[in-house]
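The following pair of complexes shares a single chain, chain A, combined with chain B in the former and chain C in the latter.
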Partner chain A sequence: MESRGWSRRRLGDRLGLVVYGGGVVGVTLVHDPVWLTAAGVGVWLGAGKERGRLLRRALRLALPWLVVVSVGYGMVAFWSGLPVGEVLLRLNLRVGVLVLLTVVFATRVSLLRAVDFSPTLVWLFTMVMSQMVLWQRLYEEFRLALVSRSPGEPDLRTVLQASANAIAWFADQALATARNQAQALRARGLLE
Partner chain B sequence: MHVPDGFLSPATYMTAYGLAVPLWWVGVRRLRHELDAETLPWLAAVSALCFVLMQWSIPLPGGSSVHLSGIGLLAVLFGPWVSFLAVSLVLAVQSLVLGVGGVTTLAVNALAMGLIGSWMAFGGWRLLRRVHEPTALVFAGWLATVAPAAVVGVTLGVQPLVAQGEEGEPLFFPFDWEVTLPAVVVPHALLGVVEGVVTWWGRSAWVRLRVRHGE
Partner chain C sequence: MIELTGVSHCFRGQTALVGVDLRVREGEKVVLLGVNGAGKSTLLKVLAGLVAPSSGEYRYEGEVITPERLRRDRAFARRFRGEVGLLFQNAEVMLFNPTVFDEIAFGPRQWGFADAEERAYQWAERVGLREMMDRPPFSLSGGERQRLALACLLVLGPRLLLLDEPTRGLDPPATGWLVELIADLPATVISSTHRLSLAAELGERAVVLGRDHRLIYDGPVEEFLENRDQMATAGLLHCHRHRHGEVLHRHLHGHDWE
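Right, the complex of A and B next:
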């Protein structure tokens, strides 16, 4: 039987998904930089105690794109006499707010709980997400192992050899994990 | 070639969602019909490889990014419909869990990379495989990279036309397609060769792995 805590968390995650979806659409419908700034401040304040870390993460994700596009457009606009200030301000604010919103959503809401109204979505996301987590963890372990084995900066040959070993290991591990999951899903009637 | 959130107007991404939702429904039905417990682990493993390949991306001035994707490999191994759904799932998880790509742009990214990339790769491979299999695989990988890049370039390039302010200033992505098309397609045309080699190598490795696992 489902516990009351689990039901409450699931309801909260579904509500979070709905609020996030509405928020994302809303931000793309607003064009006034003042309102976009207010939305950004609102999301940042609503992010809770971790707001500093989440803001840094959002900036790390958004900045490469924003810098490349802003510098490019700035140069084109300078030579062509196109409007630049408000266009770039609006673009940077909008992208920044959306990325921050997504980072806060990803931290606060369990996607699997939010979509558990659909068994199909749950098994699709479970298969893909578990593989991604596994690959990320193995990649980090192999990277750290290579660093610890190398007295200095590893040369290209060493890196390529380590990469080939890592890929072979990844493939076997990923396959074994996915096989176990497929068996578990089949045992629960999800592949019938 | 992910388009991030905030670059596309609601008119663009709503239209894309309108197209993508019924196609995802078809994809799920095909997936359930075509996949069994033996093939599913392989699909999950190759999808995870696609996720890893997409992680290393470089932003482009055209508003997109350049990266390997493994879509050619997915399409050749599992067919275009399954590949479309697998790529869509990878993109969804990337955007919702890691904040990479975008939720508003998910449908555009999925249609460009997952649907068009997969079908072009599959078609290119089918067309050439009787002539020379390795060439067909490299061509499939190249098409899986260049065709979505062209779609993304055009989609970004129309934004200044479809979403303007009162004085004609762009409200979303500011460059038109004279800038976006070459800025997105040219780097992908070069990277497509590497993607082609990955497709060729991946298919060979897949065959060897299946033999090793006694399938």
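Right, the complex of A and C next:
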């Protein structure tokens, strides 16, 4: 009985994985802001009763990154006379929809169950997820450090400075991690 | 000064602290001991008003402290954050200014001290970073960053200093310097460590968290260091094989302090 419940859930998880994969590819291919917005609204409506909380979580994850990237891109584009408005709109919408999709997917589906047909994939996902947990904690650490060093709400300049520092640090770490993981993958014979 | 009553904390199902009762008087030097994951960092974050107890109560100078209250009551937060400094276990996360000088001057400027620059120079001198004032913090070595983060806290003249593994990455001279600095500081200092060799130097009172995240000892450091059973319960002794002449055997050690 127990195992039948498990395999039914696993089937659902795999279906979820396929839908998610399709969604990600779809969102990457669509360029029209109207369609991107429609996709975002669609995902959000499909998210069920928890949609308020999920939207807030997605925003919290995506916003710091989007603000920094948008400001950076905006300045560069402004100085070099590139188009700003539409590119930024598309970027923000696309990343927003992707993050929302991921957040919704993560609450619905157990990735580990979805991929348990392949030990290698399980190992890979475990590795990626442990990285995500680690990064989430680190992000929280950066945030708390800023709070503890400020007398009140930090001003925009300080927040941007601190985010830039955190991002630089993450990029540095990500590079080192990627290198290590590539080596680990090679050691397990996965890249040959 | 500090009063914790039955403080517990859970991170989404992950227990970090259970029923901690603790009182600390002004000016005390306390050393917080415990194995990895015992809850030392979490306890220090509760004391810094960054993490809310899931249950129980934390009072600082008689005032109930929660992150919620600090967000609401701005004037109080300003005073509290000025008086209480936390050195994070990863000191890197505290550094985000373009130069070492700006980093140290950040706090005094935020609090509107008239002598912000002077203070920054003074503390740069004291932590031995005077020559590096114009360098970006991320270009410093691990130990230098640790000292820089420390200077950022000390420059504000805190009343309560919370140090999470303050000797991490410090070489022996810098460690000695820090030990003396802590002893001479008028502030209340709570430092965490899992190195028994340093316990007696960082404070006269030991507070020990067990593997079950409960407080298992609170008293004089010396007494704790004399009681092997207690240290073994806390998981602070290590066990490994070694040779005495021809005989290979294993038993518990605390030898980094013997």
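In the analysis below, the second predicted complex is superposed on the first by the 114 of 192 C-alpha atoms of A that agree within 3 Å, B and C clash if a C-alpha of one lies under 4 Å from a C-alpha of the other, contacts with A are read in each partner's own complex, and residues count from 1 in each chain.
Quick note on the criterion: a contact is a pair of C-beta atoms (placed from the backbone, for glycine too) under 8 Å apart; a residue touches a chain by one contact, two chains touch by 3 or more.
Note that the structure is predicted; figures quoted are calculated from it, not measured.
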Contacts of A:N165 with chain B and chain C, given as first, second, both or neither: second
Partner chain(s) touched by A:S150 [first = chain B, second = chain C, both, neither]: second
Which of chain B and chain C A:V69 touches, first, second, both or neither: first
Winner by number of chain A residues touched, once chain B and chain C are compared: B
Partner chain(s) touched by A:F142 [first = chain B, second = chain C, both, neither]: second
First (chain B), second (chain C), both or neither touched by A:L89: neither
Residues of chain A defined as touching chain C within the complex: 138, 141-142, 144-153, 158, 161-162, 164-166, 168-169
Residues of chain A defined as touching chain B within the complex: 20-21, 24-25, 27-29, 31, 57-58, 61-62, 64-65, 67-69, 72-73, 76-77, 82-83, 86-88, 90-91, 94-95, 97-99, 102-103, 105-106, 111, 120, 124-125, 127-129, 131-132, 134-135, 139, 170-171, 174-175, 178-179, 181-183, 185-186, 191
For the chain C and chain A complex, residues of the former touching the latter: 45, 48-51, 74, 77-78, 81-82, 85-86, 88, 90, 92-98, 106-107, 110-111, 138, 152
In the complex, chain B residues that touch chain A: 4-10, 13, 28, 32, 35-37, 40-45, 47-49, 51-52, 59-61, 63, 65, 85-86, 89-90, 92-93, 95-100, 102-104, 165, 167, 169-175, 179, 205, 209, 213
